[in-house]
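Here come two complexes built around chain A, the first alongside chain B, the second alongside chain C.
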Partner chain A sequence: MSKPLLKIEGLGHVYGARRGLFGTSPAFRALTGIDISVARGESFGLVGESGSGKTTLTRNILGLERPSEGHVLFDGHPVIDLGRGGERRLRRRMQIVFQDPQASLDPRMTIHDTIAEALVIHGPDLGIARSGYTRRVLDLLEAVGLGREHLYRHPHEFSGGQRQRINIARALAVEPELLILDEPTSALDVSVQADILNLLQRLQKELGLTYFFISHDLGVIRYTCDRVAVIERGRIVEQGPVAKIFDTPSQDYTRKLMDAIPDPDPDLSPLRRLA
Partner chain B sequence: MALLDISDLHLSMRSFEGETPILKGIDLTVERGQIWGVVGETGSGKSLTGLTISRLLPNTTARYTGGQVLFDGKDVLRAGERDMRALRGGRIGMIFQDPTTNLNPSFRIGTQMVDAALHAARDKPAILGLTGRESRRARRRAAWQASVALLESFGLHDAEDRMARFPHEFSGGMRQRVLIAMAMIGQPDLLIADEPTTALDVSVQSQILRLIHRLVEERNIGVMFITHNLGVVAQLCSHVAVMYRGRIVERGPVSKVLKAPEHIYTRALMDAIPTARAQMDTLRGIDWPLRDRIEAEIAATAKEVTA
Partner chain C sequence: MSQIDTSLPRAGLARSARAEARARAIYRFRQSLLSVIGLAIAVILITVALLAPWLLPYPDDVTGAVNPAVAFQPPSAAHWFGTNSVGQDIMTLVIYGSRISLLSGVTVILLALIIGGALGVIAGWVGGWIDEVIMRITDLLLTIPSLILAMAVAAALGTGIWNMIIAITITWWPTYARLVRAEVAAKKQEQFVIASRVLGVGPMRLIGRHVLPNIVTPVVVKASLDVGFAILLVASLGFVGIGVKPPTPEWGTMLAEARNYMPQYWWTAIFPGTAIFLAVLAFNLLGDGLRDVLDPRTRR
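== the complex of A and B ==
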């Protein structure tokens, strides 16, 4: 087997005790003994309830938090203590698309500038000249289903879902190897979601991208991912091929998540009010 | 009289490039006891429809070019700003899609709840068990108690303690319950919930759905529930309206529309749902051939109507 692109070994994370305005908040253990290995070109899914530690894990992967135990290796190298140049290069190779498109776009910047900003920082590493930025921005917009007419608009002129496409375009702009997707399609209608998921699959084939995919929608995980890990209160309770985990879950927790999925067949919905 | 009656609503939004028509003739009637799911394309105008009902769009950019919105017989688009302020948070409760307009990160949960309660009580003191002649302090105390009671009834334990906390100290599910409580504190007759469960995991989502279901059972309110999740619609709603580019292309009882969708766009949506229970080869998004057929079907219907 080839060397994994992402390797997480024995990772633990404790949020330190803090003295705040309203007394001391005790130390909180958010992650324990996480072992995950993601091969280049693979799609790895992460599912778990709110508060189970998913965001904490991604922050550790990105090198934004220092693990309390264990370590994260990207392409064989640690993700922390890199120095400035090393950090910038790593930032380009690992991108993240957040769930909340609102919070991650600067309201004062046009869409062109939002995407070109990433190119200004990483353009030299990518071999893209300044004169090529607009062309590249247009290509990216087209890839996510937006057009030339959107180029000089501001975020507030887009719907929630359109903004998420802009986010994806921005993340792709720097040609990352690993894309961390934190609920990337939860703001989109299911057709656009299908478009984006298909787009992500196509880009993966063309560019050999690796995905670390977080979603509350287990259907999305099944469609997109090869393997999945189920996280409960900071521990991985099971991981393996998606079909195996979802069809024959070994844990009650996974079964509970599966059972809570609302089915689009109205006959299977006990809560529904009759018209 | 219907609780909410939107007829032939046309809305244009102005920007420096000119005016763009956004809503192109929306008809929607919500009766008490009904839960309307509003689904549809990203950018089709679901949120703007919701915001129109409580007239929250700035009139510098929003121009209503036709139709009307009646809330309990009252013409919302022509009502004075004072009347509207009383409706909002009073008879109409709202949960916004935009998280930044929902909870202010710099104020304690309790402060925000109490403000919402006092606002609603200005016109309806009875919701806090008041007559309207009490002192400021007595009103605040009543607002505090009502808030605690409501949060507790929504399954938020230790509500009294939680009121002293800030939004970031709450998990996503807890915050969402607070938002629904804030929207409900004025005992509204109509609840407009814009994607209230989108950020939540399936277990918390199902708690929230039960909560809304219970509110309708107990208080016989009307609900407009905007969502992308057709599973949620099937689970909770009595009716559904499917929006596409500023129009409602299909509507009706959930049992009918989701069981036997008639419009090609509704079918496209149903076909695009990924399931966790089986491996799917390819989901079909909306490609150009499909979009052309959708547009053709809409044009054909429009012709029938005018003919």
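== the complex of A and C ==
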């Protein structure tokens, strides 16, 4: 295998104990000994329940938090302590789409300004002049299935699925190599989920993106990912190719998660009453 | 699909969406009769204050001219609001007094907003021990009653409009520091701010472009409500004799003087009193109306 794009080694994160006036809140260990390596061009899935440490892991990968142990390497370099220029370069190569499409868009900004902000920061590196911003924003919107008529609208004028498309367009504006998808479909209707997943697959093919796909929905992971890791209470309990994990899960926890997938055949559903 | 013109992407749509939002806001404001009344009174008061030099029936009275021959005239065609103990026209004094009251009310709030806002942003954004230090100073200042502090300042620096404004501002900015700090700290954690941060946006731009525009609403509402209270406080200071120095006419000072001549010469108290009442009422109604427009969640 070639050099991994994202490599996480022995990552641990402890939220510090806080000493307050009325006693001390105990330290909380969110992550323990995480080892993950994501190859360029693949889709890597991370599955776990809420509270299992997915968000903390994301923040560590993005360099928003300092790991307590171990480190996160992006293309061989750590993601923290980069200095201004180094951080900007990293931001260009790694982007994220958050779970809640509404909360991740500034309600006071038009879609044009939201996406163009990426260009204001990285325009020189991308070789895009100020006069080319609108053109580029429009191209991005069209790439995610939106159009010219959406340019100057505000987030509240869109549906959930459209908002998530905007978030994807913003993340793609800097031409990243790695896209972290933090439950990108879990806030959406089932029918819209499929549209977004198909869009993501198409974009990956066209742009050669690497995906780090976080979800609690095994169905979504199975549909999109090549390899998967299962995280439980801050530890990776199982890791491997999707087919293997799904067909022969070695852990009870994984089996439990898989049992939670709703059966697509309504006639077999226990909720179905005999008509 | 026909080819759409690519040269002018900003045409039409943007303006119509924004115009529609504005129309909706105006509609919401007009729904509430009281807010419209508040706005109307506030506009009239501000207009009167701005045009005062041209509206005064007896301009000399403002600078302390006395005319004992016409002392204590009841309201008449010559003196609509009557005259006071030294024969000055009360309407002249009330009109000119609006300048003092509105000027000091608005100045106090603007200064408090700038000082408290800046410190609030720093405390809320940076956090940590800087936050602690700023907010403990804030708490400390909030314990000092403004009236008492104003008395102390007047005693130390002498009475006068600017000393009074400084004294009130010192006790008022902490309320803005608190409000802004809480709002900034909350917005800092919002997903869209983090998303921009991940995009590589620096702190200055994050604050200026994403945080501040999203906290304007509660701050503007508080400020417009507070102007009314600041006017009341200025009048209170005048009433207890530590505000604006005579002969500069000020509503509170006039009221204090009129106290001695009640109830026979009622007009000496009624008109400055009504002016205070209207000004405070106007800014309160205006603030409530603005809240309804800007923050639909609190609507009944």
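We take it that the second predicted complex is superposed on the first by the 257 of 275 C-alpha atoms of A that agree within 3 Å, B and C clash if a C-alpha of one lies under 4 Å from a C-alpha of the other, contacts with A are read in each partner's own complex, and residues count from 1 in each chain.
We take it that contacts are C-beta pairs under 8 Å (C-beta built on N, C-alpha and C of every residue); 3 or more make two chains touch, one makes a residue touch a chain.
This structure is a prediction, so every number in the text was calculated from the model and none was measured.
Participant: Touching A:51 in the superposition: chain B (first), chain C (second), both, neither?
Facilitator: In the superposed model, A:51 contacts chain B only, not chain C.
Participant: A:157 contacts which: chain B (first), chain C (second), both, neither?
Facilitator: both
Participant: Going by the contact rule set out at the top, does A:68 touch chain B (first), chain C (second), both, or neither?
Facilitator: Once the two structures are laid over each other on A, A:68 reaches no partner at all.
Participant: Between chain B and chain C, pick out the one touching the greater number of residues of chain A.
Facilitator: B
Participant: Could you tell me if A:261 is touching chain B, chain C, both of them or neither one (first, second, both, neither)?
Facilitator: A:261 contacts chain B only, not chain C.
Participant: Quick one: classify A:204 as touching chain B (first), chain C (second), both or neither.
Facilitator: neither
Participant: Looking at the overlay, does A:91 come into contact with chain B only (first), chain C only (second), both, or neither?
Facilitator: Second partner only.
Participant: Thinking of the overlay built on chain A, is A:105 touched by chain B (first), by chain C (second), by both, or by neither?
Facilitator: After superposing on A, A:105 lies in contact with chain C but is clear of chain B.
Participant: Based on the superposed arrangement, let me know which partner A:189 touches: chain B (first), chain C (second), both, or neither?
Facilitator: So A:189 only meets chain B here.
Participant: So in the superposed three-chain picture, is A:37 touching just chain B, just chain C, both, or none of them (first/second/both/neither)?
Facilitator: So A:37 meets neither chain B nor chain C here.
Participant: Overlap of the chain B and chain C footprints on chain A, residue-wise?
Facilitator: 100, 103, 153, 157
Participant: Which residues, counting only chain A, touch chain B once they are in their complex?
Facilitator: So the residues of chain A touching chain B come out as 22, 48-51, 99-100, 102-103, 153, 157-162, 183, 186-198, 216-223, 243, 246-247, 256-258, 260-269, 271-275.
Participant: Enumerate the contact residues on chain C facing chain A in the complex.
Facilitator: 4, 9-10, 13-14, 17, 190-201, 209-210, 213-214
Participant: Give every residue of chain B touching chain A within the complex, in rising order.
Facilitator: 15, 33-35, 39-44, 47, 97-100, 164, 171-173, 195, 198-206, 209-210, 213, 216, 228-239, 253-256, 258-259, 268-270, 272-280, 282-286
Participant: Can you name the residues of chain A that touch chain C in the complex?
Facilitator: Per the stated touch rule, the residues are 62, 64, 87-88, 91-92, 95-96, 98, 100, 103-110, 117-118, 121-122, 134, 138, 148-149, 151-154, 157, 167, 170, 174.
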